[in-house]
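Residue numbering begins at 1 within each chain, and the chains themselves are lettered A, B, C and D in the order written.
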Amino acid sequence: MGRNRLNLAIGLGATCSGCDITIVDLAEYLPKVLSSVNIAFWPTAADLKLKDLEAMANGSIDLCLYHGAIVNEENAEMARLLRRKSKLMVAFGSCACFGGVPGLANLATKDSLLETVYGTPSTDNPKGLKPQGEALVGEYRMAVPKRLDAVLPLSGVVEVDYSIPGCPPQTSQVKDAFEAILSSDLPPRGSVIGPAKNLCDECPRKREGKSISKIVRAHETIADQERCLLDQGILCMGPATRAGCDAKCIKANMRCEGCMGPPDGVGDQGAKMLGAIASILGLEGEDKMSEEDVARLMDGIVDPVGLFYLFSLPSSILRRRLWEV
Amino acid sequence: MNDVRADLKNLKIGVYVCHCGKNIADVVDVKRVADFASKLPGVEVAREYLHMCDDVGQEMISKDIMELGINRVVVAACSPKVHELTFRDTLRKAGLNPYLLEMANIREQCSWVHRSDPDRATEKAIDLVKMAVAKARWLIPLETKAVEVTRSALVIGGGIAGIQAALDVADNGYQVYLVEKGPSLGGRMGQWSKVFPTMDCAACILTPKMVSAAQHPKIKLLTNSELIEASGSLGNFKVKIRKRPRYVDEEKCTACGLCAQKCPVRIPNEVDFGMSSRKAIYITSPNAVPLAYSIDGENCLYLKRGICRVCERVCEAKAIDFDQKEEVLELRVGSIIVAIGYDPFDPTPLEEYGFGRYKDVVTGPMLERMTDPMGPTGGAILRPSTGKPPRKVAFIQCVGSRDARFNLYCSRVCCMYAIKDSLIIKEQNPESDVYIFYMDIRAFGKGYEEFYLRSQEAGVKFIRGKVSSIREDPRTHELVLRYEDTLLGTALEDSFDLVVLSVGQVPRADTDAISKILGIPRSADGFLMEAHPKLRPNDAVVDGIYLAGSAQYPKDIPDAVAQASGAAARALIPLSMGQVYVEPISPLIEEDRCGGCGVCVKLCPYGALKLEEREDKRVAKVDEVLCKGCGTCSAACPSGAVRSRMFTEEQILSMISSAAG
Amino acid sequence: MMDDALERAFRERVAKRFGMKKGSMSLAIEEAIREWMRSEEEAKGVKEAKVEIPLEHVEEAPPPSPEFAEEIIRASGENINKCIQCGNCVASCPSGRITAYNSRRIIRKASMGYKEEVLRSIELWLCTTCYTCVERCPRKIDVVNAILTMRNMAVENGWMLDPHKVVSMNLMKTGHAVPIDQATRERRKELGLSELPPTVHQYERALLDVQHILKETGFFELVEKAQPQKAGSA
Amino acid sequence: MGRKYALFLGCLIPNRYPGIEAAARKVLPRIGIELADMNGASCCPAPGVVKSFSRPAWLAVAARNLCIAEDMALDVLTFCNGCYGTLADANHSLKADRALRDSVNSKLKEVGMVFKGSVGVRHLAEVLMKEVTPEGIRRAVTKPLGLRAAVHYGCHLIKPKVLREWVGSAERPTFLDELTEALGAESVEWEDKMACCGAGGGVRSAVLDVSLRMLNRKLLSAKEAGADFILNVCPFCHLQFDRGQIELQRLYGLQPYDMPVLHYVQALGLAMGYGPHELGVDMNFVGMDRILSKLP
């Protein structure tokens, strides 16, 4: 590492900051990273102000890892600013890659969201106050950033060079990414850093047929540790999810929820999984089933959007719900 | 071969818009379509012409390929079903991979269906061309694969069509397996006595054919047998045949008939539609081929209850063999001819005619059996209720045919057989009155109109009107028919002592089973569907399977025989070629994307996919011979690893975005 | 009761006219009744049993209007052009057996566009809507539905039979096509039922509602514009 | 056991043959059919006439009647074939066709109603066949009739069959014969049994002579078959058979047929031991002596 240190920025939008923890989780590898980078901007860890960032020359940051979804105008502005300042822009974590869990807000309107947050009986808000766009506080005019019409992934506002999915990404992925960048051995632009295949490739379980005769929700059963969860009627997202997490949930006897997003070549994770489920659901004895039987089987799928698009709604072909005006 | 990425550099697309004479050009503004296409990105040239499929049209395309370096071809013309092969050939001859062709169907999908709205038909044609061009950008060169052919054929059904097809294939020197479900060849024709319009004796012309089929060195006759499983494809089918035991040694049996005389079991004879009875050991006809008795396992006392064995005791030839077991034969054949025939329509659901309730209401086929010297009445037409000859007979045409409540199609044979039977009645009893109630008389074949005339000359009365109901007079037991003579415009009632319901042909009860086993679809009327109603009437939708006789649609004997010979000629093509080329329809499985989840494996309707174990992983693998290219796997693959070569995701998505954009 | 001599004489006549065979007796009786009815009607000045088509309605046959069939198809959803004129409906028709009513011909005329002739004919009103033809039609045409649609069109044109106007007036006035009468009131009481049934007869407010609906749907207007039309005898 | 229905009376039953209404109110609760009045119901309206004049008016008035039952949350029960024809067919059309429903509801809105499509329409014969069953009837019968009945189904009870799957066969149905046999009566085979009585379609009101000539054929054939009485399940057929006999006599001077006519509920009442007067049987135009004298 004789040459100049890399200028590193870590930007954030609508995030839980779990992605920050991933970087900290690099543990024994962290010193090596820190010794080769110069933290140009990292609101979570370093005291740098917006105006410091604005003052930097365009393209002066070598690498920006951006985590969190784009929910409001401030997020969008921050993303655009970092894009201008950075040579490489990486969507870091599933929120930045696909919209993530905050993306489920696309099922609601702005008003109904505020209603849920500020108006539910468990909220201590006796006066029923709700955030205003702008307010005068003393002599100051205070503005809350305007919410966008829909939650977007990072790629919804700026061009993204690489994606590192995961909720949060695996430390191994982060390590690989740093290695690649530090050694200038970069994959083609637009690539996802992670294995191309689906999770089944890493899954240690035994699979027999693939035909679901009854849908079982995860909390309704204790799954057999050895057998494929789908074979047991649990709608595991593994087949439509990128590998790379070492099947951690699966090994904990928990279905894959799809946080790594779709594997290479798949545009819409939820649609692909729905297609697969629709194909194998009730396959056995299908010819003997009545309309009602089919309907009953389908009713086993509770909250389909939450099930198939937990992490990827904003980047799917669905994107958001539409309301009749 | 594994590279599925299209070469997007140096794209030179040629677009060719066809007038199809006036078929397209009368409605669609072909010039506007071509002008529009010429401005699309990547399009080098766009032309329109009278008939793209003719020599000049094809020459136009190959010249562009060779001179302008066109490397993707879009033809906007008819359905690819009609001319895709033609244009692929054009490309091949011009040195371009034939799969770099895309067709936009602006005839069936535009000019034909939107005749009344030329402007919008043109807009739709433009959209289709736009989408075809978008897809063409992503086309990839594909290779056909040559497969060795098993030089033998399977013929299913031993009626006149099956016999003819088997003889034609065998006479060309190839091995034929002729599978018949019943104990004898002959089929429906074997049940008829005289056949129209020549009135010759059916047995006299059928029996020699049955014998030559049975004795042909290249024909292996399998009676009491049925197809139970099939796999493979054109050139290489693997079939399983279940052969039920006859319990009589065909070689030893002399057909003396003593066994049947002594057999104590009496059941309705299906050959006579239940008008007579037969024994549990029986022969369908004295002309049966093979000429040997057969024991009906469903009804034999010994086989059902372990008692009797009378036949065994009386048989001097010692031909009875209760030790025969059911066998399952596995055969390999290169082509399959399906000639399973038809069933007569059962008129019971037409309650207004009282069939089954009134003894003297019979069906046409039942009357046919009465005219047979070997039939239940020894050839005499008699009223079932009295056993006496009828004095006044009515034929009701189109029973269950041309009737939206049952079968919408015309059964094609009923007019002629009713006319034939009317003549036989007149021959047997010139004093009798015969009326034929019809909606239209369809006498379309050679010699048929003349036959109709003969019947009119013989005094048969033709009344244009559909009989609405039949009621039996409780006192006279005569049948009272209500009808309107539509040519007179009067509603009338008249009494008859025998009523014949001219029922048509319906798909055989086992058509569904055969259609599922062979994977060949049926058309809306329930008959087996042909690959193209005009240009490929002998081919089933699946390559290598051919249709003969009434399995495809109601037919009379000349048509069934003609189609059988046609089907045989088609079935001989792969056999004599020795090699067949398989279309690159099977999906490409990208191993670096496949996680081996196995979703596709169970799903494949043809069992063409399996998981292959590798050192540390499993991947899906496709058997190209079994695959029919349906695309189910590629739609279902959750990781996008299975790709249909001719419908890649890029191709489809680009079509969608060009249509939306 | 018939006296024996008369019966013998009748039987002899029957034998002469219809021959000695089974069924001739019933044929003869039917014919006798028909003859009888005709003579009785003539004697009493009752109009001829056959329905007459008033001459003024058919004197000038207007040219066919090809869009008539389309109108019927649109209004009824029945494609009358599918008819193959097999006559099954006529043969099934209880009315057609005894009158000039011929549903096949009406459908044919409608299909060919003879609008006036069809809509003005009394024949149109001879269908009892028994649906036998509908069950048996080999083209699955709901003949009754088509006929009712044509009747709607006739009424729309002001052609409504007088007795039907009376029924309609009853409905508009009382909410019942057949309203209660004094004799029935008495019988109801005798049977232990309420004098008026718990229908619109008891509930005035409900009657107003029915009348409102009939007005809203244009029924009042239809009945009012109906011109006087004669029908068969009553 | 036992089901409750919204009783739709129509016109002829309450306003011309109250005996049928009285019989139903007495008899049906005893075989487990509870009746609730549809207060303020009107004419169904008649399928033969009103539907012939204006389909929109017919549909809207029918919808209003259905709404009354919807408010009661009960299926409609009728024992008039005409009412059944109107209400069942209108109910089907309105449930199946959203545009039609919207247009009718826009009319109903003004009288404070809305058609929801929440109830079914049953003919008494269907309920008796499927829920009470002939066996149930047989158990309730104390005085088997021992008569020969000419069973008349009537057209709108069984046709159009597409909307009446329960009927089984429209050409040769058997359910009413089975229900009749359950009364201890014999159902005779008669020519033109399934033919129309001639009343429907506005024919009786407008062209009586055509209507009566159809009736005459039916009466002749019932007589020839040796029937003691005609059994029906529709007050309009009932009226045609009953009053029609008198009209044939009066207008054409025919000899009286003297053929008694009973609605099924009345016949059931007799078989359950009610007196003819309680069932209003003696209110018919045609006398009942011929059968009453034969009853056990």
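Just so we're on the same page, a residue touches a chain if its C-beta (ideal position, glycine included) is under 8 Å from a C-beta of that chain, and two chains touch if they have at least 3 such contacts.
As the structure is a prediction and not an experimental result, all values here were calculated from the model.
Trainee: By CA centroids, point me to the most central chain in this structure.
Mentor: B
Trainee: Counting only C-alpha atoms to place each centre, which chain is farthest from chain C?
Mentor: Of all chains, A has its centre farthest from that of chain C.
Trainee: Determine which of the two chain pairs, A-B or B-C, is joined by the larger number of C-beta pairs in contact.
Mentor: The greater number of contacts lies at A-B.
Trainee: What's the distance between the Cα centroids of chain A and chain B, rounded to whole Å?
Mentor: 54
Trainee: Return the distance between the CA-based centres of chain A and chain C, expressed in whole Å.
Mentor: About 74 Å separates the centre of chain A from that of chain C.
Trainee: Report, in whole Å, the distance between the mean C-alpha point of chain B and the mean C-alpha point of chain C.
Mentor: Roughly 49 Å separates the two chain centres.
Trainee: For chain C versus chain D, what separation do you get between their C-alpha means, in angstrom?
Mentor: Averaging C-alpha atoms per chain gives centres 20 Å apart.
Trainee: Can you list the chain D residues in contact with two or more other chains?
Mentor: 171
Trainee: Mind pulling the residue numbers of chain A that touch at least two other chains?
Mentor: None at all.
Trainee: Specify, in ascending order, the residues of chain C that touch 2 or more different other chains.
Mentor: Expected reply: 132.
Trainee: Every touching chain pair, please?
Mentor: A-B, B-C, B-D, C-D
Trainee: In the complex, go through chain B and note every residue touching chain D.
Mentor: Where chain B meets chain D, its residues are 351-352, 471, 474.
Trainee: Tell me, which parts of chain B touch chain A in their complex?
Mentor: Chain B reaches chain A through residues 590, 592-599, 601-603, 617, 632, 635-641, 649, 653.
Trainee: Can you list the residues on chain C that touch chain D in the complex?
Mentor: Checking each residue of chain C against chain D gives 26, 29-30, 33, 36-37, 40-41, 44, 46-47, 49, 51, 94-95, 98-99, 122, 125-132, 134-135, 142, 144, 148-149, 151-152, 155, 160-164, 166-168, 171, 175-181, 184, 187-188, 191-193, 197-203, 205-207, 209-210, 212-214, 216-219, 222-223, 231-234.
Trainee: What residues of chain A sit close enough to touch chain B in their complex?
Mentor: Per the stated touch rule, the residues are 196-203, 207, 209-211, 228, 230, 238-240, 243, 262-267, 272-273, 275-276, 278-280, 283.
Trainee: Looking at the complex, which residues from chain C come into contact with chain B?
Mentor: 22-23, 84-93, 96-97, 102, 104-105, 132, 136-140
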